[in-house]
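Worksheet for the structure shown next.
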Amino acid sequence: MPRADGRLEFARAWAAGSAYYRRMGIAVQGLEEGQSRLRLLAEEHHLNSDGILHGGVLPALADAAMGTAARTVHGAAAQLLTSESNIRYLRPAAGGEILALGRVVKAGRTLIVTEAEMSDAEGALLAKAGATFVVRAVGDDA
Amino acid sequence: MPRADGRLEFARAWAAGSAYYRRMGIAVQGLEEGQSRLRLLAEEHHLNSDGILHGGVLPALADAAMGTAARTVHGAAAQLLTSESNIRYLRPAAGGEILALGRVVKAGRTLIVTEAEMSDAEGALLAKAGATFVVRAVGDDA
Amino acid sequence: MPRADGRLEFARAWAAGSAYYRRMGIAVQGLEEGQSRLRLLAEEHHLNSDGILHGGVLPALADAAMGTAARTVHGAAAQLLTSESNIRYLRPAAGGEILALGRVVKAGRTLIVTEAEMSDAEGALLAKAGATFVVRAVGDDA
Amino acid sequence: MPRADGRLEFARAWAAGSAYYRRMGIAVQGLEEGQSRLRLLAEEHHLNSDGILHGGVLPALADAAMGTAARTVHGAAAQLLTSESNIRYLRPAAGGEILALGRVVKAGRTLIVTEAEMSDAEGALLAKAGATFVVRAVGDDA
């Protein structure tokens, strides 16, 4: 197994190299083993016709936060695929900065279970999500 | 209650006016009462660093398909907010055309329950999703 | 891999030998490859203090229906553990006969994704559920 | 709105009067506003044919814990119906005492969002669940 530093560095580079994150306006703000902190700046194009954050934005941010947290577990040694996820919305959001905290709840050999909380700039909780990732070994990253 | 045509037209216009749909490359292909058919063309920016569709793309597409189907129920007479959703991924996707079929399972006074299936251009089922929407009356659209 | 008959027989015997199914009043009515049909007779002790079926009854029935359908895939060759499940309630139930149809949506090497629909004796849809099962090989049943 | 004591007392009496809780071996151990602590003694009849806790037991316990926590919010003033729930299993359980902590995450006018954690007697986390309850006013309980 690689050193924690190597795994965090992998997770960070993986996120930084993602065209999807850039397109969505998602950036990694912090990483620890089993944890991530991401930021999305909700702009005009994230909003619905009625000015509320589109229902698809927070699931995407949540998946990014949980996937990034999960990638700190195995680093480059495994490919992770989202198996399933769910989200519950607690209050509507209408733009501005959104923070997501991702966390590994249980890291098994074949499955990693994670959670994420999304809040606005004032710290109000917007949504809670959970996901399961499937671990696929891709050879040793040594 | 408005005529079905008015409600379908509202749902169509609502989707067409969405900056988020445009940004995500989502277009409505068909609408019936309680049903929607959406299309996303998965491009470079929808993919993860490992060439697989990012875990956040299909939840966003699913939410769009389910929300559009749900908007055919009340039309302009109600604002819909996603209350919760979940998704299960059945096989990885790697770009190209993705179709989403959204369907209303149960339309109640305060909640609308929906489902969506996402498939690739060859018709292979990629993911199945479900969601609950909260109905908020916004005055009669008569 | 065993013949389909052997796998159906295993799934049937597995359910018939379950003290939990007996306690809950759950019986298998029909089995095909990848499908199950279960029946629960909702009695006094399945009801809440307000006469409505307790929120825990249908998830238990759904898990039984989905697990039984999933057990027709590998038969005795694999142990199945529920990894995650969800359920959406469409209308309240108040006793009587409840039918559950379980179905395998995707049978992979390590995960089996399933769905179930629960309806009352008049055929009204009560709830829809989904679940993922983890497959653990337990030796060949040949 | 009733005093907190009245609401806790209602939630406690509601659980104590439940034939389903008795049948399942579920007892309320503690209640605070927005929180519950329940206990289930897993016996032979809660187990699968392979000696593992049946997949339907923890969803039932979770629903009880979350419903009891949610009932401390409105007391007798509202009827609560489970709208949807999900659960993720973290490790298999094989009998003995199981504790469930239920917690209200967000209490809205029409929806109450809750969570629950289930652990064994040694404190090992077995599963995490979430649920949404629909609030139906039933008159003032004054």
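Order as written gives the chain letters A, B, C and D; numbering starts at 1 within each chain.
Criterion: contacts are C-beta pairs under 8 Å (C-beta built on N, C-alpha and C of every residue); 3 or more make two chains touch, one makes a residue touch a chain.
Values in this document were obtained by computation on a predicted structure and should not be read as measured data.
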- [ ] Please name the chain that ends up farthest from chain C once chain centres are defined by their CA atoms averaged.
- [x] A
TODO: Could you let me know which interface, C-D or B-C, is made of more C-beta pairs in contact?
DONE: C-D
TODO: Please compute the C-alpha centroid of chain A, do the same for chain C, then give the distance between them in whole Å.
DONE: 33
TODO: Would you mind pulling out the distance in Å between where the CA atoms of chain B average out and where those of chain C do?
DONE: 29
TODO: Between chain C and chain D, tell me the centre distance in angstrom, where each centre is the average of that chain's C-alpha atoms.
DONE: 22
Task: For chain D, residues contacting two or more additional chains - done: 83-84, 86, 88, 132
TODO: Would you mind writing out the residues of chain C in touch with chain A in their complex?
DONE: 83-84, 86, 110-111, 132, 134
Open item on the list: List the residues on chain B that touch chain C in their complex, please.
Closed with: 86, 88, 90-91, 105-106, 113, 115, 125, 128, 130, 132
Task: chain D contact footprint on chain C (complex, rising order) - done: 14, 17-20, 22-24, 44-50, 52, 54-57, 59-64, 67, 79, 81-89, 92, 131
